[in-house]
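There are structures below to look over.
Two complexes, one shared chain (subunit A), two partners (subunit B, subunit C).
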Partner chain A sequence: MTSTSIEAPLVQVRDLVKEFEVRRSSWRTQATTLQAVSGVSFDISAGEALALVGESGCGKSTTARCVLRLTEPTSGSVRFDGVELTELSSGELRKARKRFQMVFQDPYTSLNPRMTVGEIVGEPLLVHGANAAEQLARAAELLEQVQLGADAADRYPHQFSGGQRQRVGIARALALSPDLIALDEPVSALDVSIQAEIIRLLQHLRDELGLAFLFIAHDLSVVRHLSHRVAVMYLGKIVEVARTADLYSRPAHPYTKALLSAAPIPDPLIERDRVRIVLTGDPPTPVNPPSGCRFRTRCWRAESLCAEVEPPLIDIAEGHKVACHFNLWS
Partner chain B sequence: MSLLSTAPRLLVDVAPRSTWKSPWKRVTVIAGMTVTSFWLVVLITLSWWAPYKPLDAVGGRLQAPSWHHLFGTDALSRDVFTRTLYGARQTLPVSVGVIVCAVTIGTVLGSLAGFFGGWIESVVMRLVDVTLAFPPIFLAMAVAAALGPGLQNAFFAMVIVWWPIYARLIRGQVQAVKHRDHIQAAVSIGATRWRILRKHVLPLSFTPALINATLDLGQVVILTATLSFLGLGAKPPSPEWGAMITDGAQFFYQWWVAVAPGIAILTVAMSFNFLGDGLRDALDVRAKR
Partner chain C sequence: MSDLTTPPLLEIRDLHVRFAVRNGQVHAVRGLDLTVHRGEVAAVVGESGSGKSASMLATLGLLDINASASGSVRFDGTELLGAPPPVLRSIRGGRIGMIFQDPMTSLNPVLDIRRQIAEAVITHRQVSPRQAESKAVELLEMVSFPDAVRRARSYPHELSGGMRQRVMIAMALANDPDILIADEPTTALDVTVQAQILDLLRSLRQSRELAIVLITHDLGVVAGLADTVNVMYAGRIAESGPVVDIFHRPQHPYTIGLLASLPRLDRPDRELTPIGGVPPRLYEEPEGCSFAPRCRYAVEACHEVEPPLERVEASMVACSVLPMRSRTAEGSL
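== the complex of A and B ==
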């Protein structure tokens, strides 16, 4: 996977903004807006896995949902293979959805309990005009592909464990042979032992089918194995983007450093020397974000400049961008 | 292929419990089923074995119960036992019909309101609010009186009173189900909104309506009888339970004239309630989450 590909990236997200209206109380009509995503831009090349990480509530799931237009973005542009998704009519969008699919976080609520696994996995084909025989054949093939076995098709979701259900969710996302799959914390609801299996399955599918991933996670150790590049989000903004190896070895943003220091290292010798950076306080509310740099309220390197000027996301090395006035490399 | 493939479709996430909460519950459910089946059999086979005709004068006026007339005779010398059994042919189809119509209208309007929101929801829910603002019996009486007496008009009156209950119930369920991830998943595979409503929202929203319908059936039986009792339902010669009670209410010492249809109403209403209760235990989603 070369980061310097000449052709246009598969997905181009520019200045994506998503605002929600929050009403203070039911009788007061005046509403305040909450900016869950404030001006996010990134690219994903074909076959590339980009991870979006950050604390819960930082807008990473909302970003993914806006990219797939499961929620309408307030402003900004999402181009998928040259097509502007935000301008498609609902009919065109439904057809376009063939090429980008989603795997959801909770395998218990993301499968319809009244449908058999075969129906669930085959539904995307049915919706896009396949006949019953094709649907059946493809469902069996998909279930084999996610290592569930074709005889799972006649059973109902409640007869499966969380990990198996997540495999069903993955099979459904694969059904239409998409180019991009957005994975919204696909393993965080699962037991640790199952997590590894699912990660391995995803890795295998990515390599075999040449899928691009938009992988959402709040845990950097999960991301490491699966993604080519990592984007770190804080309070609705991307603060650092880099190739996975670079980000893990030389983080430039203080927030990235703090996140990395929180992840245990599976090597007792290095783990012993791990210095944890414990951030104090909670992330500020996105209804009223801090001026300047949004991370300054919890940053140990913050100076007066940080409150005045918002740091732009700039290149500090080949394929490594960071938004910080006093990044750790300087 | 697998043994488990025959799992019933009417389940929510978990497998059903095989028994009800308590032995008493079991008794009531079995009693409910027995009484309901009894009335169903009567309803269907009555004309082959009924001892008399419901409108024929047989024997003397106001005779006490005897082997010839199990529940005696009424003021017009008609056999009360026969009339009570024939009463099922009036009340039960009307009650079931009212519930079926109310559930259908309520499901259609309630699901549209809950799923699409916007002006559809405003219109439907204001209509629901207006209707539910009146006590059901008074509203049914007013509508039935406006339409004129007759079982058919009573039927319409009851549908008008009852559909909003289901509209509100279904709307709430639809709103709750709408935000589950599998609805988002259906959107993301490119399913149409119509398909999502039909295949993904309604099947999960319908169980409470089904339970409520069974419980309400008993109440509709009572309301049908009430309207007839007040002269707004079935007209006099026809053997309807409520109308029969009106006749019997004039004769204090000839108690059997009113008591027989009263027992019929009691048993039918109670058995439907028992059934609904059992059904709720067997199907309730909330109890099992």
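== the complex of A and C ==
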């Protein structure tokens, strides 16, 4: 890890909130608000890979989109290398975006089928003022970097497999030599034998180029292979954040423990003997979250305090924070 | 568990499925053999396009009009392939239950769930609508649907993904089937909800001696539930055998490759080894072994002759090299 205590982090997110207006039914005009992200704070150091994990609807993708300002946050602060992104004008933002890029989940819908791979990969350069010759040369270089080969440039996305298309998406994100790449479920649409290739490519890029990653995923085994630190989200809040090895070996939040225990291990001898915590029910809707601790309705350790007082995210060890009144270490 | 002395409940032999497409045909299933015994959980694993879903649709007579199937599918002595529609209708949803990946699109959005389950009962039994509806509530209770009596009048959109999948399972079990065909039953669900559904399937197979054909790409799910595993590649079985053998003594290079490429929660420091290349698209018949172009162990003969399934220890394997076996023989393992 490259994080040092003296250097300011590359990304500083503070009290990020994102609300959406939803109408409960078509004839009722009164809107209710859904808080997808409810006050999230975290840092990412240069060269560090932070994963946001959690189940569908926990706000992990919305958080990432707000950090890159692909979605306007409702409130809160996002500082990128000291610059407050939430206050930038659209022109300033476009310039700033050179330094943070995104890779999307679905390599089938995130590439324009009418553009050649070379044009797709080179487009960010064009936007940022490169000429056609520069664009071509850089595209060839990028396609080599993601191990597709420069001759891929003249072909169209449909001529490639899912894994190869994801490489195109990664090459596009690398085009402007960013400092941070946000990856939203970059391997979950891919078959198992292809996933490993992309995971290895990302590991390689992270280590070679010193890129910081904001990595969104639900698959905990993939996360373990790709991130330095993990933040676990539940219903719009971070419930635990720690270095990857610490989080997996000594989870402190009951939800983290349940998530880890529910993730199947592909080995019948281990899988059948595991003591599993099976949570009851589904996550509640963010339109009307439970009072106090949001996880308490599914938590086997919950007591009356949990319904009354929301637990703050506090340090329990160096680099290890948890938001729980009765965390598993206590 | 499987009892080898009794005849199998479901026996698929040399199944072929072809889809007519604009420029010819796709030979999606190319001679599949699959055996499922009473009370056994048989997993069918493979990547997208390996033919796992197409073979199950063929088994149930649910293929689209542009597809044709040949070979043999025997269910408890009855040949299903080419059976007249009334026979298939009585078996489907009767002695064979089905659940699919996406419970939202498989349920009727304008009927409450009690009526949908009741419909499954009435189709197969001479009962009054009232009896069928009370049976529906019973079934919901059996699949641990919370507050079943009150919430039986809910519509699909009012339910979460996990609840919908419980409704699907309740419908599939409506007529006490001998076998449940489950196509990616937990893929659309979150991991904590997946754990609940897997628990439910585990307890059902035990309490009802239910056989399950579990179609999935998730080897973690297989490890927790299956008795036998059938690994499909390019429309055929590459390897099949008892679950522990498949995971701990894989013989086919594809199975070996799949396991080596899998990120594992319990082994963070393990280097992942991708297989490399992509599966063939079955517009053309592959020459020789269909895995040979991606296989690190392939020899010249592999590109010429398609290897038959042969017994290797407890498994059946379609490979003429058998890298693990020769290694063991040399004593280098």
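As a convention for this text, the second predicted complex is superposed on the first by the 317 of 330 C-alpha atoms of A that agree within 3 Å, B and C clash if a C-alpha of one lies under 4 Å from a C-alpha of the other, contacts with A are read in each partner's own complex, and residues count from 1 in each chain.
The working rule: a residue touches a chain if its C-beta (ideal position, glycine included) is under 8 Å from a C-beta of that chain, and two chains touch if they have at least 3 such contacts.
Keep in mind that this is a model prediction, so the values were computed, not measured.
*Asks:* Clash or fit: what happens to subunit B and subunit C when subunit A is overlaid?
*Replies:* Partners fit side by side after overlay.
*Asks:* Determine, under the contact definition given at the top, whether A:A196 touches first (subunit B), second (subunit C), both, or neither.
*Replies:* second
*Asks:* With the two complexes superposed on chain A, say which partner A:E144 touches: subunit B (first), subunit C (second), both, or neither.
*Replies:* Neither partner.
*Asks:* Quick one: is A:E87 in contact with subunit B, with subunit C, with both, or with neither? Answer first, second, both or neither.
*Replies:* Neither partner.
*Asks:* Of the partners subunit B and subunit C, which touch A:E123 in the superposed model: first, second, both, neither?
*Replies:* first
*Asks:* Between subunit B (first) and subunit C (second), which does A:E308 come into contact with in this model arrangement: first, second, both, or neither?
*Replies:* In the superposition, A:E308 touches no partner, neither subunit B nor subunit C.
*Asks:* Applying the document's definition of touch, where does A:L70 land relative to subunit B and subunit C: first, second, both, or neither?
*Replies:* A:L70 contacts subunit B only, not subunit C.
*Asks:* Taking the superposition on A as described, I'd like to know which of subunit B and subunit C A:Y156 touches: first, second, both or neither.
*Replies:* first
*Asks:* Does subunit A have more residues touched by subunit B or by subunit C?
*Replies:* Between subunit B and subunit C, the winner on subunit A residue contacts is C.
*Asks:* Check the superposed model and tell me the shortest C-alpha distance between subunit B and subunit C, rounded to whole Å.
*Replies:* The answer for the closest subunit B-subunit C C-alpha pair is 6 Å.
*Asks:* Common interface residues of subunit A with subunit B and subunit C?
*Replies:* Subunit A residues touching both partners: none found.
*Asks:* Quick one: which bits of subunit C touch subunit A in the complex? Just the residue numbers, please.
*Replies:* 47-48, 146, 160-163, 190-196, 198-199, 217-224, 226, 243-244, 247-248, 257-259, 261-266, 268, 272-276, 278-279
*Asks:* So in the complex, which bits of subunit B are touching subunit A?
*Replies:* On the subunit B side, the touching residues are 1-2, 4-5, 7, 9, 11-15, 180-182, 184-192, 195, 199-200, 203-204.
*Asks:* Could you pull out which subunit A residues touch subunit C in their complex?
*Replies:* By the definition above, subunit A touches subunit C via 55-56, 161, 163, 191-197, 199-200, 218-222, 224-225, 244-245, 248, 258-272, 276, 278-283.
*Asks:* Quick one: in the complex, what on subunit A touches subunit B?
*Replies:* Against subunit B, the touching part of subunit A is residues 65, 68, 70, 93-95, 97-98, 101-102, 104-106, 108-115, 123-124, 127-128, 151, 154-159, 169, 172, 175-176.
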